[in-house]
Structures are given as C-alpha cells and as structure tokens.
Amino acid sequence: MPTEFKIVLFLCSWGPHAAFQRLQDQRADIPPEIKMVRIPCSGRISKALLFKPFEMGADGVILVGCAPGACRYGTGTETAAENTEDTRQILDLIGLDGERVQLGNFQPDAADDLLAFLKAFAARIRELGKSPVRAQAGRDRFAGEPETVEAIVARHDVFACQDCGKCTSACSLALAGKPFSPRYVAAEIIAGHADRPDVRTSVNACLTCGVCYERCPSAVNFPEFIKDMRAYYHDRAVSAVPAHGGFFQSMMRAMTSESLVPRRWTHLPESIRTNPQSRVLFFGGCASYFDIFFHKFLGVQTERIVEDSLRLLNFFDVEPALMSDERCCGHDLLWSGDRENFLRLARINADAIAATGAEEIITACPECCHTLCTEYARYGIELPVKVTHMHAFLEREIGKGAVAFKAPQGRMAFQDACRQSRFDGQADLPRKLLKHLCADAPEALDDDGAPTPCCGNSAWIGCDAFSKHFQVQRLQRVRQSGSTTLITACPKCQIHLRCAMEDVLRGGDLKLETMDLVSAIARSIYWA
Amino acid sequence: MTGDVACAEGALAAGCRFFGGYPITPATEIAEHMSGRLPDVGGTFIQMEDEIAAMASVLGAAWSGCKSMTATSGPGFSLMMENIGLGVCTETPCVVVNVQRGGPSTGLPTMGAQADMMQARWGSHGDYEIIALAPCSAQEIFYQTITAFNLSERYRTPVFIMTDEMIGHMSEKVVIPPADQITTEWRPKPKGRKDRFLLFKPDENGVAPMPAAGEGYNVHVTGLTHDEKGYPVMSVEAQEEMMARIKRKILGNRDDIIMTEGHGLDDADIVLVSYGISARTSMAAMQQARAQGLKVGLLRLITVWPFAEDHIQRLAERVKGFVTVEVNLGQIHLEVLRAAAGRAPCHLVGHSGGTIISPDQVLAKIKEVF
Amino acid sequence: MYKQITITGFGGQGVILAGRIMGEAAAILDHLESTLVQSYGPESRGGACSAQVTIADGPIYFPYIQSPDILVCLSQSGYDKHVATLKKDGVLIVEQDLVKPEGGRDYFAVPCTRFAEELGNKMMANIIMVGFFTAITGAISLEAARATVKKSVPKATIEKNVKAFERGWEYAQATLKGRREKAAGRIGVVA
Amino acid sequence: MSATAQASVMAAPEHPLEDLIRSDRIPHIWCPGCGIGTAFAACLTAMKASGIDLQKTCMVSGIGCSGRAAGYVKLDSFHTTHGRAIPFATGLKLGNPELNVVVFSGDGDLFAIGGNHFIHAARRNMDLTVICLNNLNYGMTGGQVAATTPHLARTTTTPVGNPESPFNLPLLAWASGATYVARWTVLHTRELTDCIKKAITKSGFSFIEVLGPCPVNYGRRNREKPLETLRLYRDQTIIRNNADPSDLEVDFTKKVVLGEFVDKERATCIENYDRTCRPAL
C-alpha cells in the first residue's frame, strides 16, 4: 500500500531483528511507511546517519537496538541512546520535531511490543505530518559558473604558478609531514589530472587557510581555486565524505527547505535584552548546534560566545534583533563544494535578513562574517545591510572610552581565525582588543603580531592524523611559552584544538584553558 | 569675534580703504584682519617700516581721497604723535585706533590698561582739540569705528578709538548689519571755481570742504601755520586764526560729538564715571550695589574727548559723589575733579594697569564713600 | 543661565581656539551671549595660557572669571593654578594623561592628546576636548559646536577635525553612560 | 601805480614756468647762491617736458630749505613733517595710484631722520620720484653736520671738522633696490633735467641726487666761495654713466662721479600687491 509518509527503521540485526522477523512471519500489519534497514548494532548509527534520512525526505527515523545490558558489543545501546538524544535536540533546534527520531530497545521475544511501538510511532508521525524538509530534485547551478577544469584554472590564473614552492614550505599540512603540496596539486590539475583520485584527495585535504596565497609571489588564490575544484567534484558526485559523517553538511542542506522553521533562540538566558525593532540584527551562527553535537567533549561551550556577544551588546546599550528562524550562513556547504545548496541557503537568508528591516548585522563568527559580507556578494547575492564583526563593534565601542578591563590571570596566547586574519585581512583587529584587555598587564599577552597557522580543519573536511599532529605541536608550543589560556576567535578553532587536547596519551601536556576573545572581554570589561 | 576684528570690520563697513600699520601687541590683529580683507574691497594695506611712517602714509592716503586708518598701542601711539599733529594742523580726516596696554615705554605688551587717555588729549605738541571714543564691547567697537570715521570726515580731523587690550582681545558676538543700514559720511567737497578755492575756509558748520589730490585744486598743505589758502604765514594773527578754527569746529559741535550713556542716574547718590572695559566692571558693580540697596548710577563716557564736562557739572549739583573707574592712576578722574569743581567729592578706583578692575574693588569703594 | 568656563593649558595646545569655539557656538548658533577673554605669556608655544568663556542668556558685563562653574585643564600647571578657584559644585574636566588631580574631587578626564595622536595630529587635542566638553557640560549644543569647529579650522583639515570633535563627544557619551550604568549597579558584563 | 606801469608789467615776458609756480608766494626763502632754485627749476621743466598730466601730479616735501619747494609749486603739494615726505607720498600713491608723486627734499630730511623711510620705499619699489638736493649740511637750521657732510668738513656742530663719514647716496639707493639712480650737480642743468624727466616717466622708485651749493652755511665755514663750489662742480667731476655704485663717494679732493647709474625694470610695489593680494581682479 503506497503511502505519502516515509519512516526509516534502523534495526539491530541481533535481538530486535529476531522480533521483527517474527512480525514479518506473522504477516503482522507493520505500518507500510516504515522502511527497514538492517544494521549490525544500534551503536554504529551515528548522529549523521540518524539525520541523513531527513535530508533525503524522511518524515521519521526509528533506531531499534538491544535492551540495555543485552548489547553484544557492550556499549552499543548506550551509544545509541546518546546519539538519539543529541539528534532529537538538534532536530528541535532546527525546527524538525525531536519526536521524529525515536529509540527503541527490544529483546527477541518482544515482537508484540515492537509492533505496538512501531504502530504508535507511525501514528505519531501522521499526527506530526509531513517533514518540512523537501528532498532536493534537480540542480540549481550558479549562472556562469565555470564547469570545466580548464575554465577553473583560467579563472584563477593558476598558470601563473612559478613552481617556486613557497606555498608548500609554509603549508601547515606539509610542515606536519603530510605528502601534500599546493604547487603539486596546481601542477597536476593544470596537467589534466584533476580526475585522478590522489589529486582529488589532495583537493579535499586542503585546509583553505590561505597561508599559501599569502606567500605566493604570483598571487595565485589557491583557496579560491580549491573551492571551485571542490564544486567541480561535487557536481560529478565524487566528493569525499566530510568529517563527522557529514552531519553538518546534511543539516545545512536540510535548512535549504523554506518550509522548515528553525527555532534557533529558544534557550537564550532571560537576562539578555533583545528588541525585534532594532536596527541592529545579531547573527548567531551554528554554535548551539555544535554544543549539542560535541557536548561530550571537554566542555565545549561555543554558544557562550553568542551569549557573551549579546551581553556585550547590551552592555553598550545595543538591544539587537534576532531572527528566530535563523539558518546557517552556508559557509561549510560552499567550502565543501555544494555550491547549489549554499546558494539556496544564501537566498533564503538574504530574504529573511532583508525582511527584518535591520541596517547592520553583527556576528561573532568569522566564517559567518566573511560569508555574509564577501561570499554572498561574490555569488551575486546582495545583502541590504552592513556586516560587522563583533570585534569591530567592540573596538568601536571600547575606542569611545570610559571602559577598563580587569587584568587577566596568567598568560594568554591567541589563535587566529583564517577567515578573519588572512581572508579579510583583519589580523590586527583582535590584537587591538587583546591590547585593551591586557592594557594593565602587557606582559600577559604572548603574541608576536603575525597571524597564527590554521587550527587544523575547515568546513568539516580533511581531518586526519597530520592535522592532529600540528595541532598538538601548536598546543605544546603555547604551553612551553608559559601561556595558560588560549584565546580563540572562531568557535571551530576552539572545537578543533579542544579535540586535540582530548588526546589520552598526551593528556595533561596539552591542557590549556580555551576561551573566545569575546568571552574574555565580557568577563573582564567594566565601566571605568 | 574679537574686539580687534570687530574694529577692522567696522572700518571696512565705514568705507575705509587704506590701512597703514606697524605690528604691535595688542593691536596687531586689526592690521592682520585688514591685510586680508582690504584687497577684496579694492583697498590697500601696507605695513610700513615704523609707526611714524604708518601715520604719515595714513595722512597721504587721506589726501589721495581715501578713508584711511591705522591701529597701534602705546609705544606706537607715541611715535605717531608727530604726524597726528600734522593731521590736526592740516585738518586731515583719519582714524587712529589705540589698543591700550600697560606703560610707560614697552610696559606690559600683552596686558591691558587705559593709561594713554591724556596722551590722546595732549600727546602731540601744541594746543588743539581732538575727538576720542572709548567703546566697551566688540559690538560697540564695530559701531564706534564707523562713528569715528563719520566724525573724522564730518569735522576733518583725526579721531581716536581708545580701546584696550581687554576689549581688543575679548571675543564676543558682533552683529554686522547689511550695508544699507549703515550710514557713512564723506568729507564735504568743495564747490565753485577751482582757482578761487580756499583750502581752509570753513563753511557754516566750521569745517572747510576738502578736495583730494589730483582733482585740480592745486592745494598746498603744510604743517606750518597757514592761512585759509593753506600758505604758510608766520604771524601771531595767522596762528591765532588757525588755532581758533581748529578748536571751534570741535568745541562748537560738542553736542554732536559727545556721546554718553547713563544708567540709574535719576536717583543716584553716587555716580560711577567710567569708559571702555572699566565701564563693564562698573556696570556689574552698580548692579551689585543696587541689589544691596545702594543708589548708584553710572555715567559711561562713549566720547572721552572732548570731555563731557557739562554732564559732570549738572550731576555735581545733585549727587553725593563721583567714583571714576579706570585702569590708570587717575587721568579722567582729574577731568571729573575739574568739572565737578568742588561741588561733589570725586574718588578714583584705578591702578597702574595689567589687569582689569574687579567689580568687588568698585563695590568696596562705593561702600567706603557712601 | 550664566556659565563661567575657564580653560587652561600651555601655549600651542589651542586653548584659546577651544575657548573661541565654545563662545562662538554659544553666541552665533545657540543664540546666547558670550564673551571670551584670554591671558597668555609672550611665547606662543609652551607658556601658560588660559581662556575665560562666559555664556549667558542675558548681557554679560564683567567678562573676567574669578570662580568658574566649569574648569577645563589641559596642563598640570594650569590645573594647579586654577583648581582652587573652581566653584564647589563646579565641573572639573582634565586631560587624562597630562593632569593628575588630587584631593578626591570628582572630575571628568579625557586623554585627548593621545586620541589626537591616534587621529594623526597632536594639534587636534583641543578639538577633541571641545567635543568632550560639549557632551559633558551641555553648555553648548552638539550642532552648534560641530558647525563652529568646521568654521574655525583650516579648510583642508575640516574632515579630520570633525572626526576629532566626534571622538571627544563619543568619549564623553561613553563616560556618561558608564557613570549611569555604574550608578545603576551595572558595572561589568558578567557582574 | 599808473596804468602805464601796469601795462608794462603785463607786457613783460612770462616766465616759462609761470604756470607751475605759485607766484603769489614769491619771493622764496632761498639764499643768494643757493642751488635749490636751479634744481627746483630743472624739476619743474622736466615735469612740463615729460608730458605727464600735471593735474594728477603732486609734490611732497619734508622739512628744510629744499622742503620748501612744495610750497612754491602750483600743483597739489604737501609740506609734511621732518623726514616723513616719503611715507606720506607712499600713502598718497597707494591711495590713488593714478597720481604722479614727486618727492623733493633735502639730504638732511631724506637721509638722516628719513633714512629708514628711503630705504624701505626703495626696497618696495614704490612708484615715486625722489629728488634730493644735497648741499652737504642742514642749511635751514644754520649749518649743522648732516649724514652727507664730508669727513673733516666744518659745520656748526663739527667746529673742528666732521669726525664721521658721509653716505654714498647712489650706492644706498642701488643697494636698497631703486630702479633708477642718477647724480648731477646744479651746474649740469641740462643733464639733470633730462634725468628727472626720465625718472618721472619711469615707473618704480627713482632717485636723483643733485649736488648744490650752500654758500651761506656750508661754503662759508669751509672756505669755499660760491663760485669756487661751481668750479669744483666743473673741474672735479667726471661723467661716467653706469659707474660702479661703490665708486660714487662725494669727495671733491678726488673726482666726483656724475651720471645715470641705474636704469632697470622691476615690478612696482603696487603691481606686486595687486598680483599677490588680489589676483582675481
């Protein structure tokens, strides 16, 4: 019986599958919208896999595993419970009901219970209605986008590469020992080997941090070249699978459905004052999704950056407007090659932003800032507002004077955000703020003024042992210099470097307090 | 604008088209302002080699047919006296501004005083009458500079504006009215046959018409004692006649020339007599005294020379005393004393310059003499 | 309204110009009366100097100031010399880096010389002070002050000077805001 | 007086300078043997000959014997204070640039008390013609030492001889920036007249020194009879146009150089003022 609803059932092949088989044998009336996928263990279904069906048009996802204590692998049931809970929270935030994901645990003999569970879930989904996420059909290509490798090479004048190797000698990945060379990638693609798997791997491995471009005497914009090449591979459906199972890209693609209404700001502390009529719009970014996704890690609290930003805006008498249905800016889609979905998101964002009537957008995320300001315009999407990074706002307000800072405890090192320092040429902006912060204790700042290397990852792709290696090196150096705190400027830097600190073997050697610059300011600023 | 700038603007409004000067604090700003503005209105500014030359050039320009002026302070005023005498003797219209500072000699260049009042009266040698005005605000300097030019043209005589460093350097609001609301006068022009023209033959108001060089009158102008024709005549009679004319045209028109301003004079027991910046001190002191129930009035001398002795005489009949307030050791005070002629006691609040007199000092004196 | 303002500093800081802008803004654009008298030594650079500005809505007879309502000090020597004359409830404004007030009296401070250097020319410290003064005292209106600054500086530097003026004005706004927030018990972001 | 006598007066030939002289002021005050009259006549002759508009021509003098010249010329004439003829003339010219202004005065007036004004007017290149009758002493006050009195010459205030040295006036004028400088004696009336004519028609600061005898005060004390002075003018002078200005000391024990020394073009004070201060007009 055909049905308009689609429910994916991930079914553990041990206990629960036996129960399900019995139902099949009995020709029990399993709701027809439920499509079963047999899996080895419910613990193997990551958040990314739990989410993926929604991106593809499912209305509900059921994960069924063994009863607690009965897992053949020991921790499967526990992991499944955690993943389901996290995914539900994210679904709530994104505007899909958390109830659309359900975990069930059944022994082989509990076939009737399983059937009742499945029926109840299917009924619940019918109650909730169709998922607002629409599976995408067809392509929505950027007009005039170069399609061929030759066109991409020509567009970025990659021929200008003099094969000097300055890029490779500065590249973080190469320095970490990875067999990776921007100049080699360029040469191979020029030579017509773009479709060779090793070349493709290299293109996906690039951090797009921009150090090579900074060094290049011929000004070949390697990151932009990589961006176009990734779109080329994406068009041919030969992209590498991103890190974390592609969860974030999946989530972002889901957000391209206009009928989806995210509920971004439901957990805002009450002390924060906002004003829907404000001429200033605050753009939060993806921090709250990250916090749920990574909550198991060393207390990653990237949403804190957002909250502290709002508190600082309030401190300076700005009560910003918020978009309750705020979506992702699309940065990671763009940089992982999915240009058509980036454009979808961007258009929806641009319309939503215009509808607020705001004159200025402030964001604390360097990727949001760069994307809204530069990438949107590059792809012909005009934002009718001025985009201001939170740092610029702070510098403007602090510059007006009458504020002071509590002297910092211990010594601080700074981690640059690539999009801010190298892409937007704003490396001095956070440093000005750091100077304010350490005005009374200049010796507390460990910084030579030059932008630091990449945190090790970008757009959730290409994470590997080499990036881990140089993250560890960086943290060790910071520790050796006597710093106790690492100040970051991007939520992702914080996540990546904290991840490196998770290393069970090096453990204590790498531990540093990490804090976003905005939070550091919020913590110490006061009216003088 | 400052009093100095207001003075320059007043001069321009009056039609002044020549300024010959020499820099001296605190009058320099007048020269500076004129140097920028005169070329735009078709006039000429020149900084001469000294004040003697400056004054000589002012007289020369006056005879060329221009309204001309100079501005200086005490030391320069002393140097100008020679040619001021020539201006009086040759009955040359021109305006000399003295922004007074502390003296004698170089004195207090950047600090004010009102101690050149008698020099204005008697500074050049010989007997003569002169007109001197003493404005008390930037706005008044503007208007009095125009008046000074008008009087100078009307009576063919140098006219002084006796201001001081305080007012010269004080900035205040000055309203400059449109040109059509400003009355400017010109020296009377001769009529009749050129060959019979007499340069110093006065018409009905005692002032002789004055042609300019180049108009064909072939005038002879000399600082020697001269007759009506302008020719030198070295005789007792000629001297007497010339001096009588120079004195008569001023003293005979006292009512026209002398300007004063009275405040609370009707019921005053004590009358403050003051001028220039000190009049503002006096005004403040008078208000404080009145607030304390003391019947104090103020006679502000706008025209200082010729002296308003009639006013003093009339007041002397009924007031209990005069207090003259001036930044010197008693110059106008002696004039008040002379005019009061013993009918009312006269007191002085004054010091030797460098600073303004404060209202407290005046109030103390008022209380002392009440 | 009868406000007496003394501005002190050393020659070259533009004390007199600052006073003139205040007086002119009041007299010409705010339609009040004002007088400015000044005292300075023979040197145009480095010597002590002061400007005395009176702003009133009626005639001003005595333009000299014995005890000001507002004292603006751009130099320590100016402060030392004049602070005793300031009225008990008078407002004290100082150049933060050059003047160290003593005696626990409340005061407003602006590092206008440093700001001016940051804006590219130390000469504009006085204009920054005018901006600060305008916002702190309200003795002259913002529009009048800004327009007068424009009129009083060389044409080529108008833009820079307006920026300097606004720098001072903004700093004062921030200072006042900080005082309001502190009075309301809101000292920091977290606290 | 009879009608005949009157007729004979009427019939008397008119003086060629009658129209330029205030004959009602004749007799003049100059002594017999004085050189001023000759220089004055040369000046008036030159004025007439130059063809300038005499109605627009003024003469300004200072104080002293030569300073009386302004009193005898039937033009707009100004007899000013001692030494101040040049600044007075400066005001006159600046006030009305159409006027031709001639300063006629003596050496004491122009170069002692008025020396400063002379050099500044030359520096500015004021459009004036300055004629200095140099009789080597203060004649009117009875023969005192002047800035031009030769070294060791006797005057009433240098009874045993002048211990000081005199000015070289053409050198001073040249150094100060005069655009026309000449020197003659009253004996050289023709050359003098020609030079004055040239000076009057030339724009800029022109200076002409005229050596003239003062037999009553200077000549008498220095044992110089009137005619002897003129003989000196004839025998002890040498005409050298364009001579080096530093060779122009007046020392009759050597040859005194006469001639036209400077004749150059330079923008006048008024031209420069207009160009600099009101370029738009």
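Residue numbering begins at 1 within each chain, and the chains themselves are lettered A, B, C and D in the order written.
Keep in mind that, in the parts below, a contact is a pair of C-beta atoms (placed from the backbone, for glycine too) under 8 Å apart; a residue touches a chain by one contact, two chains touch by 3 or more.
What you see is a predicted model, and the numbers here were worked out from it, not measured in a lab.
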(request) Averaging the CA atoms per chain, pick out the one whose centre lands closest to the mean of every protein CA shown. (result) C
(request) Let me have the rounded angstrom distance from the C-alpha centre of subunit A over to the C-alpha centre of subunit C, please. (result) 51
(request) Could you please state the distance in Å, as a whole number, between where the Cα atoms of subunit A are centred and where those of subunit D are centred? (result) 101
(message) Just the number, please: Cα centre separation of subunit C and subunit D in whole Å.
(response) 62
(request) Round to the nearest whole Å and give the separation of the Cα centres of subunit B and subunit C. (result) 38
(request) Indicate which of the five shapes (line, ring, star, complete, other) describes how the chains touch one another. (result) line
(message) Touching pairs of chains, all of them, please.
(response) A-C, B-C, B-D
(request) Within their complex, state which residues of subunit C touch subunit B. (result) 19-20, 23-24, 27-28, 33-42, 61-64, 66
(request) Using the touch definition up top, name the residues of subunit B that touch subunit D in the complex. (result) 17-18, 20, 39-40, 42, 44-46, 48-50, 52-54, 56-66, 68, 82-83, 85-86, 212-224, 231-232
(request) Using the touch definition up top, name the residues of subunit C that touch subunit A in the complex. (result) 110-111, 170-171, 173-175, 177-179, 181-182, 186-191
(request) State the interface residues of subunit B toward subunit C in the complex, per the touch definition above. (result) 2, 109-111, 166, 169-173, 280-281, 283-284, 287, 356, 358-359
(message) Quick check on the complex: what are the subunit D residues that touch subunit B?
(response) 22, 24-25, 55-56, 58, 60, 70-71, 74-81, 83-84, 86-96, 98-99, 116-117, 120, 273, 277-278, 281
